[in-house]
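Alright, structures below, take your time with them.
In the two assemblies presented below, subunit A is common to both, partnered first by subunit B and then by subunit C.
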Partner chain A sequence: MADFVQLVILGLLAGGVYVAVGVGFGLVWGVLNIVNLAHGALVIIGSYITWQLFTTLHLDPFLTLPVDAVALFVLGYALQRGVINRIIRAPLLFTFLLTFGLNLVAINVLLFIFGSDFRSVTPAYSGQGLEFGSVVIPYVPLISLGVAILLSAALAFILNRTRIGLAINAIAADRDAAQLVGIDLRHAYAVTFGLGAACAGVAGGLIAMSQAITPTAGEPYTLQAFVVVILGGLGRVSATVVGGLAFGLVEVFAQSIPGSGSVFANAIAFGLMVLVLVTRPQGLLGRLR
Partner chain B sequence: MTVRKLALLAAAAVAAVACGSGTSTGQTTITLGAPLGLTGSLTKESTLTQQGYNLWLDWINASGGIVVNGVKHPVVIKYYDDTSNANQSAVLMQKLITEDKAQFLLGPYGSAATATDAAIAEQNQIPMVEANGAAQSIFNQGYKYTFGVLSPANKYLEGVIDMAATLSPKPTTIAMLSADDNFSIEVADAINSYAPTKGMRVVLYKKYKNGATNLSAEVQAAKAVNADIVLNSGHLQEAIAINKAAKEQKLNAKIFAYSVGPSTPDFIAALGNDANYVYDGSQWTPQVKYTPAFYLTVSDYVAAYKAKYPGLGDPDYHVAESTAACLALQRAIENAGSLDPKKVRDALAALDVTVFFGQIKFDSRGINIYKPMVVEQIQAGVHHTVFPADVADAQAKYPTPAWDQR
Partner chain C sequence: MFLILGAILAAYALLAPLTSLDAAQSANVPLLADRLWFRIATIIAMFIVMATAWNIIGGITGYAAFGNVAFFGIGAYTTGMLIAKAKWPFLVALPFAPLVSAGFAALVGLPLLRLRGHYFAVASLGVGVAVGELVQNIDYGGQPLFGGASGLFLPIYAIDNRGLFFFYLMVAAATIAIAVTWWVLRSRFGYGLIAIRENEEAAAVLGVNTTVYKVAAFALSAALTGLAGGIFSQWNVFINQDNTFPIDYNVQMILMALLGGTGTVFGPAVGAVLLQLLIQFLGGSLPISFDIPFVSADARPILAQVILGLLLVGVVIFVPRGVIDFFGGRSRLSLSYLRRSLRETSL
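Then we have the complex of A and B:
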């Protein structure tokens, strides 16, 4: 029983990272209809910023997360306004190609600056945690989960309670009508992408603490963001939160299948995604549009 | 254009071509081909491999080149980036042979790419000497043109078992975690059959997807069996993930040993104090005591590495084994007295020489089963060789203290 409880806890904690990775991706996909193949690269840029600040200034990694968010927001805004906006009305394939290219550029720039060495952020309190008998809740993943939930709440607040957020919702509902009422499309698009990138940056900061990073370490997260958003459902931040937590649970339980069954963890997770697409395409919590 | 201008242009072109072709001294260079994963998931290890090749390249060209029947031939190594993709590596290997006219081949990094490249070397009947593909599956294909200077995969963790058998209180149970690529599975399967011969039992054998970054479920399974020894067979990223999870989830053991990862400085830099007490099986450490027949001694090699690549610490075994591959090829060419691929291949098959890396001799399949693995342990942030006793520079710190007692 304690083992089962521990696995549930581990799954939810793993889900924290997936939530953070997924909310930004889902926002950009839902509003801009861009499947950002460079999302993983944005995540890793955030990881490197956190790592650099931790290593040179000895800043606690959780305190560097706002820096990641701001830096990636600026980068995302500039990217959208300067590069991606040019193909925003083009067919989906063009955005695939462009973001794929941006991904390659970002990875190689990181490789050039930081080299391929594996790095990780291991603060002094890493490894410690709350203990309830034989069940352990380690601090770093716990705080990461908290950060991810806070991030999602902040994003939801921005989207639903601020002017720019309502403008973004309007564009997502009907782009031409939004323009008719005077919403500046380019600025709103850029803010959306910037917000998505900022979430990616925060996710990156969390990842730097949970694993070893190298310029190519972001690639799996693009795919996992995809699955998280589909599992949860496109359209609402809370849906992505559910998707991320569900993905974490599925991954941990699939990996605890005895013997060799655990190598099918990925297959099981993606199989679940296919199942959701077939039976409930709007996702666990999403709304059909 | 007038005829006069055309004639002048043609004359200039002919002159340019005449100046460009051939070497000034009339010597032919020997071209070696090497596809490496310089970008992608294996960038770090491929860079180390390239460092090993280049260290030898500088040395051989400083002395004029490889001597073939009294004539010195300078060496050129043509590198391509296979982006850590094994199939791409084979494509590039073929390109090196067909377009770049590589006369001999140096291996890529990793068993996956080495396996695909070995097939190309065999098809083209050009010898490939490799140092970074230890999976025996490569050498069980009956290839005649691939030679591996490193100890095969099955030996990677056997040294740890040998060492454990000498320690007191003797550990008896093993939890084996393994990635699912061919190299890692070979390492793990070897332990499954070797451990009982030393009086130990494998109580858990769990595989996970190669490249996984969240291994909390696997660590939880290892915790449930409470084994004396926790082994991981995988690569650097997984070793770091398992170590972090072990501390978080309070997995304790008398011995933590990872097949690949702890030997690189990245492991210590990434984990800080949490890296202490970890063991790994190593192809080579700077503490080994071999008397070389040619090239540098162990201490001179370490100094040469530090001079060419300052700030990186001691050379890791990936660097040393890569240099050893070049040395094997060089000695074989010298012994053959020819650049004919078949004669060099035969010379490689008959080779038996000791260099700073250890004995280089190939069994009938082409892999070096004659050089022993050593066991290292990280103590206070520094690597020490702890087994076998004749090359050890420190005692093993055994048993590993529990996480909350460090």
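Then we have the complex of A and C:
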């Protein structure tokens, strides 16, 4: 029983990172209709910023997260404004390839700068945790989960309570009508992508604390973000939160299967995704769009 | 003009080595005198097969398949297993590569091809990743079933002029792939596929059995890709997850088709030649090479990837219809062409 409780807790905590990775990806996909294959690269750029600040300035890694968010927002805004807006009306294959190209460039620039060595961010309290009898709650994933929930809440606030957020929602509902009422599409698109990238940056900061990073370490997260968004349902932040936590649970339970559950992580993730797509395409909480 | 030049070059490339490798070497024929060139020419032919095969599902049917490398790997492992474990002769084992690949494609195609757009693209990408993972990690009775992480070694195929043999075999596969595309584009089947690409509901209303057509196109694409994989396994003698399920191939074959021109007969082949030569050149494997300023030899592969990424971005933005558009006087490469391409899809 204690084992089961421990697994549930670990699963939910693991879900924190997936929530953070998923919300930005889901926003860009839902509003801009772009499946951003460079999302993982943006995530890992955030990781490297955190790592750099942690090793040179000895900042607490959680304090570097706002820096990640701002830096990635600027990068994302520029990318959308300068490059992705150019093909926004092309067939989906083109946006796919474009973002894959950006992914390739970003990863290899990182390889050029930082090399392929594994880096890790280990604050003094990493490895410690709260203990309740035989159940342990490690600090870093616990705070990460809190940050991820906070991030999602902030994103939901921006989308539902601010002027630019309402503009973004309007675009998601009907692009042409939004343009008719005077929304500057180029700017609003760029802000949307920037917000998505900022979320990716924060996710990257969290990931730097939970695993060793290398320029290619972000790639699995692109695919996992996709699964998380599918699992929850496209179009709402809250649905992605549920999707992320569910994915964390599935992953932890799959890995606990005796034998070699962990080497089949991708196969399990995609098996789950195809199952959801075929049986419940709107996701666990989503509405059909 | 380009077509005639290409035909002469192709004929030369095909016929020159017939006079045996020694003769080619003593006559100092470029291109074919060198073993390395043979290897590169075979790789190019392999990519012609894969890009042309992708074109059937991605270009003609309009389903953005991102996991076709799975079929390459399945083809390679089918032939590899039959030769290494069941001790079959190569030429008997080879036909099973396209058969098993096509069978697998039909099986996963039934659920996957119900999905559209992004969903299909990423689901197929997932299949590509997952199959590679399964092949490497499945155990049977405590032993890795498919050679596991250490890969699978095949006995060397005993034949004179092995390089030449596999080059011709790969060229034959490329010819088959192009011929099949040519046939598809002129058949009732092909018109059905194009109808699905343009408007799937309308196609269904017109009496096209969309499920059957899509699955057939997917299986056909898989069969050709699997054939290339089967030849590759015996040619390369050693197969593992890295060289038969590389995610890069997915994107390379699509970029080739796009660079050449999707939905056309020769476009993907043209793109495959251009892009593969560029990749080999940047990777430093071509005999003609030069030093790139400010970049050390170690960083060359990294630079190659960066250039590939930028090329991907550039092609998608500026030449979305592929370079085949410039052949036969349809369009001319000019500043106004680039500007028009940019404006067409821009916000």
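By our rule, the second predicted complex is superposed on the first by the 282 of 289 C-alpha atoms of A that agree within 3 Å, B and C clash if a C-alpha of one lies under 4 Å from a C-alpha of the other, contacts with A are read in each partner's own complex, and residues count from 1 in each chain.
Note that in this section contacts are C-beta pairs under 8 Å (C-beta built on N, C-alpha and C of every residue); 3 or more make two chains touch, one makes a residue touch a chain.
Source: prediction; values computed, not measured.
In the superposed model, A:85 lies in contact with subunit C only, and not with subunit B.
By the touch criterion defined above, A:189 reaches subunit C but does not reach subunit B.
Contacts of A:93 after superposition: subunit C is touched, whereas subunit B is not reached.
Of the two partner chains, neither subunit B nor subunit C is touched by A:150.
When both complexes are overlaid on chain A, the residue A:173 reaches neither subunit B nor subunit C. Once the two complexes are laid over each other on the shared chain, residue contacts for A:211 go to subunit B alone; subunit C is not touched. In the superposition on chain A, contact is made by A:111 with both subunit B and subunit C.
In the superposition on chain A, A:273 makes contact with subunit C only, while subunit B stays out of contact range. Once the two complexes are laid over each other on the shared chain, residue contacts for A:102 go to subunit C alone; subunit B is not touched. Applying the stated touch rule to the two superposed structures, the overlap between the subunit B and subunit C interfaces on subunit A comprises residues 107-108, 111, 260, 263, 266. Those residues of subunit A that touch subunit B in the complex are listed here as 3, 6-7, 10, 13-14, 107-108, 111, 115-120, 122, 126-127, 129, 131, 136, 138, 140-141, 210-212, 214-217, 220, 251-253, 255-256, 258-260, 262-263, 265-266.
Interface of subunit B with subunit A (complex): residues 39-41, 43-44, 47, 180, 205-209, 211-218, 220-221, 224, 236-237, 240-241, 244, 247-250, 264, 266-267, 269-272, 274, 403. Subunit C contributes residues 58, 64, 66, 111-112, 114-115, 117-119, 121-123, 125-127, 129-130, 133-134, 136-137, 139, 251, 254-255, 258, 299, 302-303, 305-306, 308-313, 315-317, 320, 342, 344-347 to its touches with subunit A in the complex.
Contact residues of subunit A toward subunit C in the complex are 29, 33, 35, 83, 85-90, 92-94, 96-98, 100-105, 107-109, 111-112, 185-186, 189, 223, 226, 230, 260, 263-264, 266-267, 269-271, 273-274, 277-278, 281.
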